[in-house]
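The following pair of complexes shares a single chain, chain A, combined with chain B in the former and chain C in the latter.
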Partner chain A sequence: MAPTLVVMAVMMATPVVMVFVYSVLSNVVMEANSEFVGPANFGTLIADPVFRKAIGNTLIFTTVSVTLHLLLGLGFAMMLNSGLVPRLATAVFRVIFILPWVFTASIVVIVWQLLLNPSGVVNYLLTTLNVVDQRVEWFSNPDLALLTVIFINVWAGYPFLMISLLAGLQGIPADLYEAAQVDGAGPWSRFFNVTLPQLKPIIVAMLMLDFIWNMQQFPIVWLATGGGPLNATETIATYTYKLAFSRHEFSMAAASGVILFIVSMAVALVYVRHQKARD
Partner chain B sequence: MATMTPMAGRKRHTATRIWLWVGLTAGALFAGGPALWMLTSSFKPNTEIFAYPPTFIPETFTFAAYAEILTDPEKVRFFLNSYLVAGAVVLLTIVAGIMAGYALSRFDFPFKKSLNAVIISIQAVPPITLLIPYFGLVVWLKLYDSLWALVLTYVVATIPYAILMMTGYFNTIPKELDEAVKIDGGGTFRALWRVLVPIAKPGIVSVGAYTFMVAWNEYLFALTLTQSKSNRTVPVGIQLLMGEHSFQWSEMMAMSVLGCLPVLILFLFFQRQFVSGMTAGAVKA
Partner chain C sequence: MQRRLAMMAVFGGAAMLALAGCASDAGGDSPAGDASASGDAVNLQFSQWWEVELDEGVMRDLMDRFEEANPGVTVELISNPYSATVDLQTAAAATGTLADVVAINGASVYDLKTQGAITNLSTLMDDAGFDPGQLVSNDQIDGATYMVRALNFAYPMYYNNDLLSEAGVAELPETRDEFTAAADAVTDPDGNVYAWSLPINVQSPAGFDSQSWLWASGGRFLEDRKPNFETQEIADWLEFLKAQYDAGYVTPGAFTQQEQQKVEEFTAGRTGMMNGSLAHIGGIRDANPDLDFTIGYVPVEDGFTGTRGLAGASWGMGIAENSEHKAEAWKLVEFIMGTDVNSELATEATGFPGNSESVPGYVDGDPLYELAFEVYQESEFVTELEGLPNALDLNRNLNENLVRLLEGEATIEETQASLQEYWTGVLG
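And now, the complex of A and B:
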């Protein structure tokens, strides 16, 4: 039993150590005798405008996705928790609302590619309702591509927050609401003075986890646009992937992966501290 | 609102209720609409996919796309591969989760208290960062382009979470139970498999269902660590279809329907366990 843990630790720790070592060598895997080059790979990365663009895109992608995940998740969870809709209906809506979360990324993307196709149903509805004059190229227009990818990512990811927040809402004692009502608090006041403060620890924890995962999101971006058009949707994950597996620059890819790793770990550390403070 | 008359209160309630139904219906359309469109499109002939105006219910209802997928050995192979990989990963994860979870719940270890922090940190490691050394390791182990490469790398992601879940479950089972088995002359293993495992069944089911979903849905490693068509899993296979015949939308939709069916069925049957698996470890692939 203890060996299982040791094997796990080795399986986990070895690659992390390896990737740090790769990042300070000249092109590993491809060169037989790679040399120590110090921080040179990091320097090259930061000098690359595409990498800087990828950092900016990743920040936009992550913050917008996480914010919308929270708003949608909270809105849906509160509707499910209202107690004003029959139980069976609530159960059915709950299943439907979780649905996007069980689809694998490649199915999510392919279905949205059909829906958002220039001759697809979304463009049909938008043109018929006169929202737009001509069919929108959601994926190939560089000004829209990032928004489109974020939208798909929001659709696929909000259920996770919804479920956690729903569990949180169900845990708020009813007498807190009753007391607020006796004090004459209206629905808004109850939301801001009871619901939000009670949910705050869960919200903070979920925001951090969601931030980490969205920052690393690969399949949705890769499958929807491959980082294009014109690097409009390039994120650190897609950029790293291309460095390693299209350009075979494994050391540069490792350096880029190390940067993503360090940022993720920093947020994870804050998360762990936050969880400990809760206990 | 304390001063409100009962009559006004009821009216207010009705208005809230109407808005709730509007909100819930809109939400259901947003969340379920795409899935429904996928399903109806899979029964349309290709010529009807982009019909103008779009047909919400197929005018010509056909199973042709499904027949095409299920009679093509190359495509059936994607499904077989996915079942093999997910099955092996679930099995290994459950066994390792039970053993390590039991050990952590019953015996003392150094660093036991920091286990949670370690497992959360593992979940936070970016898959793309791990992929680079894993690619090297898999090539070195001569496992590149094999399903084993996937099984091996997936369990590294799923086992820590299973350990966390199973430790939590075993902690809720009183130690006196295993003592009783030992007094009757049974060993530690007997106590574990005969007494604890049956009690911990709900936990095992939720670990299993969640692990299956993670393994079935994984894309990045499957894309990179396999190469030949005969070793591709469903998520990668669907995209291959997209690249080869980008106009065969009904086929792609049929394959998508078949591709999400196993996870969907698991989800509908084990909803509660799924949801607890989703929130307990706070993990996502």
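And now, the complex of A and C:
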């Protein structure tokens, strides 16, 4: 127990406490004698329209990503578990479906940049088939950039939910389906009355975790667009990174991190309350 | 209850991990000057991006020769791509764990000096009896040297001979008007051919694709190191860029395009002209041996008669303030700046030597490099943003403002005012 506590204190608690302390000081690291400034850094952040835009983008990015992760993950998991697909094909599909999750974020972004580049394969197909007149600037068009980044994130992230839900599906006793069938339940009825209730604990836990992870998603957004163009894809993570590593405003970056932490904890608390009510 | 506690711990841990990422972290740079405890053995850490960009074994071979010439001193190379090196150095500087010798450039030297992370090299030069007169340039901050430039990289224009001749352009454009005529002739959106690329992304604003056009004609962003954006030269420059973009001469995707993608477009023969580092010549030849291209000046404003400006970047070196082996670290810097070694490094990296007596081996016998060397020698080498505080952030702000202008979200006057305001906030 003691070694665990020491590791947690050094690896997790110390940095977290440091970030909280940094967030209420004047620009740490860059200033030799930082001073206590109270909530001033938070006030400056909230007053910045780019930060407010980053909050909005983060919420859209997270909500859409999590929703699509669930729908795709559940859909593919049910397909793999259905028994309708031959065993060999199931094994092949399982490998194919999990591939996006195997790649690192940088590989994922490079692959999609090559595909979606104005001179890339997707634009070639779209223009050749006369779907569009001009090549689409998926990343550079401020109206499309956020959707494009969300699409890549969904592609890269759904396998985790798929695997988790597949494990849950395989744990549902066949007796329940047989009983429902005897009672005259059709496929939809079995899905809503057997599958979903049985999966609910896993779905809720996965949604909460996915929500927290996606709120912090940095590499995909950064490598694809860097938060641009015109802040169209700016998220709290990219905004925080720029504060720290471009503007060298470490206290402001810490304040931004603290806000992200508080939102993440709020989601965790919602989950705990949900579990409490359920128990 | 136990289950709730467990879940609370899991979620709390996930959230804490997110926040922990914001705390300073030395990354891969371990404490500098971690000399062997026994005897006089010294282990120097050299954090750089050079090994990644040079051919395999080049940097290690140089270090082996240094070790041979300096018994008891070993060099550990900490190699990462450029952007990762810069990020790691920022974090390491904040935590006092910078490597003994660090590869830096003009974009980061001021900030590292302000953080007290790099040491005054003038003192080390004096102690070692080094004559700074042998350096091509000896940039100073507050009267002292903090970075020694090992190599300089020039950014001339590349021209695709085939595309230009197919478009009926017989002579390389010398002025902006001639360039516009050539761009109009070359651009063929249906054939996926454009005149040039203007990568103005915000994640890694590395090149000088926009700035070169201003600097070539003698224009500058600063006057006495203070922002000076509200001038006619700047307005004309912005108007030129806007006109090029609106006319469709620029490769689509400019707002998120990166340096490498720009080079790929040129290498694939999809752009007729490109502003880029000389270091790309070898890569272009390797990737597309059939591409017929040449090097030339960046076109200037009509009527300009002064010395043409040529954008440049550098590979520099600094020494960590917290290094326990500054004398040995300086020996390594001095070794790299030696006439022969510096020539060799310049040849491998296709750069221009930082030692005034060194001559890169590639110049002799290759017409393209000879031409590039001629362009370099006849131009004024411009590194206007080097040594400025938050230079990377200023570049990023420049690109953000250019995107706003090209997208039609701001007028030229508004762009000038916006740049003036932001840069004044940083530079005073």
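Going forward, the second predicted complex is superposed on the first by the 259 of 279 C-alpha atoms of A that agree within 3 Å, B and C clash if a C-alpha of one lies under 4 Å from a C-alpha of the other, contacts with A are read in each partner's own complex, and residues count from 1 in each chain.
Throughout what follows, contacts are C-beta pairs under 8 Å (C-beta built on N, C-alpha and C of every residue); 3 or more make two chains touch, one makes a residue touch a chain.
Quick caveat, the model's predicted, so the values are computed rather than measured.
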Looking at the overlay on chain A, is there a clash between chain B and chain C, or do the two fit? clash
Check whether A:Arg135 is in contact with chain B, with chain C, with both or with neither, and answer first, second, both or neither. second
Contact-wise, after the overlay, does A:Phe250 reach chain B, chain C, both or neither (first, second, both, neither)? both
So, A:Thr225: does it touch chain B (first), chain C (second), both, or neither? second
Have a look at where A:Met18 lands relative to chain B and chain C in the superposition and call it first, second, both or neither. both
Now for A:Phe61: first (chain B), second (chain C), both, or neither, which partner does it touch? neither
Between chain B (first) and chain C (second), which does A:Phe211 come into contact with in this model arrangement: first, second, both, or neither? neither
Go through the superposed model and pick first if A:Phe151 touches only chain B, second if only chain C, both, or neither. neither
Counting residues of chain A in contact, which comes out ahead: chain B or chain C? B
One more residue to check, A:Phe51. First (chain B), second (chain C), both or neither? neither
Taking the superposition on A as described, I'd like to know which of chain B and chain C A:Thr104 touches: first, second, both or neither. first
Interface residues of chain A shared by chain B and chain C, listed 11-12, 15-16, 18-19, 22, 29, 113, 117, 119, 205, 209, 212-213, 215-216, 223, 240, 244-245, 250, 253-254, 257-258, 260-261, 264-265, 267-268, 271-272, 275
Report the residues of chain C in contact with chain A in the complex, numbered from low to high. 3-4, 7-8, 11-24, 86-87, 90, 94, 111, 114-116, 189, 192, 201-204, 251-257, 261, 265, 268, 270, 390, 392-393, 396, 400, 403-404, 407, 409
Over in the complex, which chain B residues touch chain A? Could you list them? 1-3, 13, 16-17, 20-21, 23-24, 27-28, 30-32, 34-35, 37-38, 41, 49-50, 52-54, 96, 99-100, 102-103, 109, 116-117, 120-137, 156, 159-160, 163, 213, 216-220, 224, 234-236, 238-239, 242, 249, 252-253, 256, 259-260, 263-264, 267-268, 271, 275, 278-279, 282, 284
Chain B-facing residues of chain A, complex: 1-2, 4-5, 8, 11-12, 14-16, 18-19, 22, 28-29, 75-76, 79, 82, 84-85, 89, 93, 95-107, 110-115, 117, 119-121, 124, 128, 155, 159-160, 163-164, 167, 181-182, 184-186, 205, 209, 212-213, 215-216, 218-219, 223, 237, 240-241, 244-245, 250, 253-254, 257-258, 260-261, 264-265, 267-269, 271-272, 275
Where on chain A is chain C touching in the complex? 11-13, 15-16, 18-19, 22, 29-30, 32, 113, 117-119, 134-135, 137, 139-140, 142, 145, 205, 208-209, 212-213, 215-216, 222-230, 240, 242, 244-248, 250, 253-254, 256-258, 260-261, 264-265, 267-268, 271-272, 275-276, 279
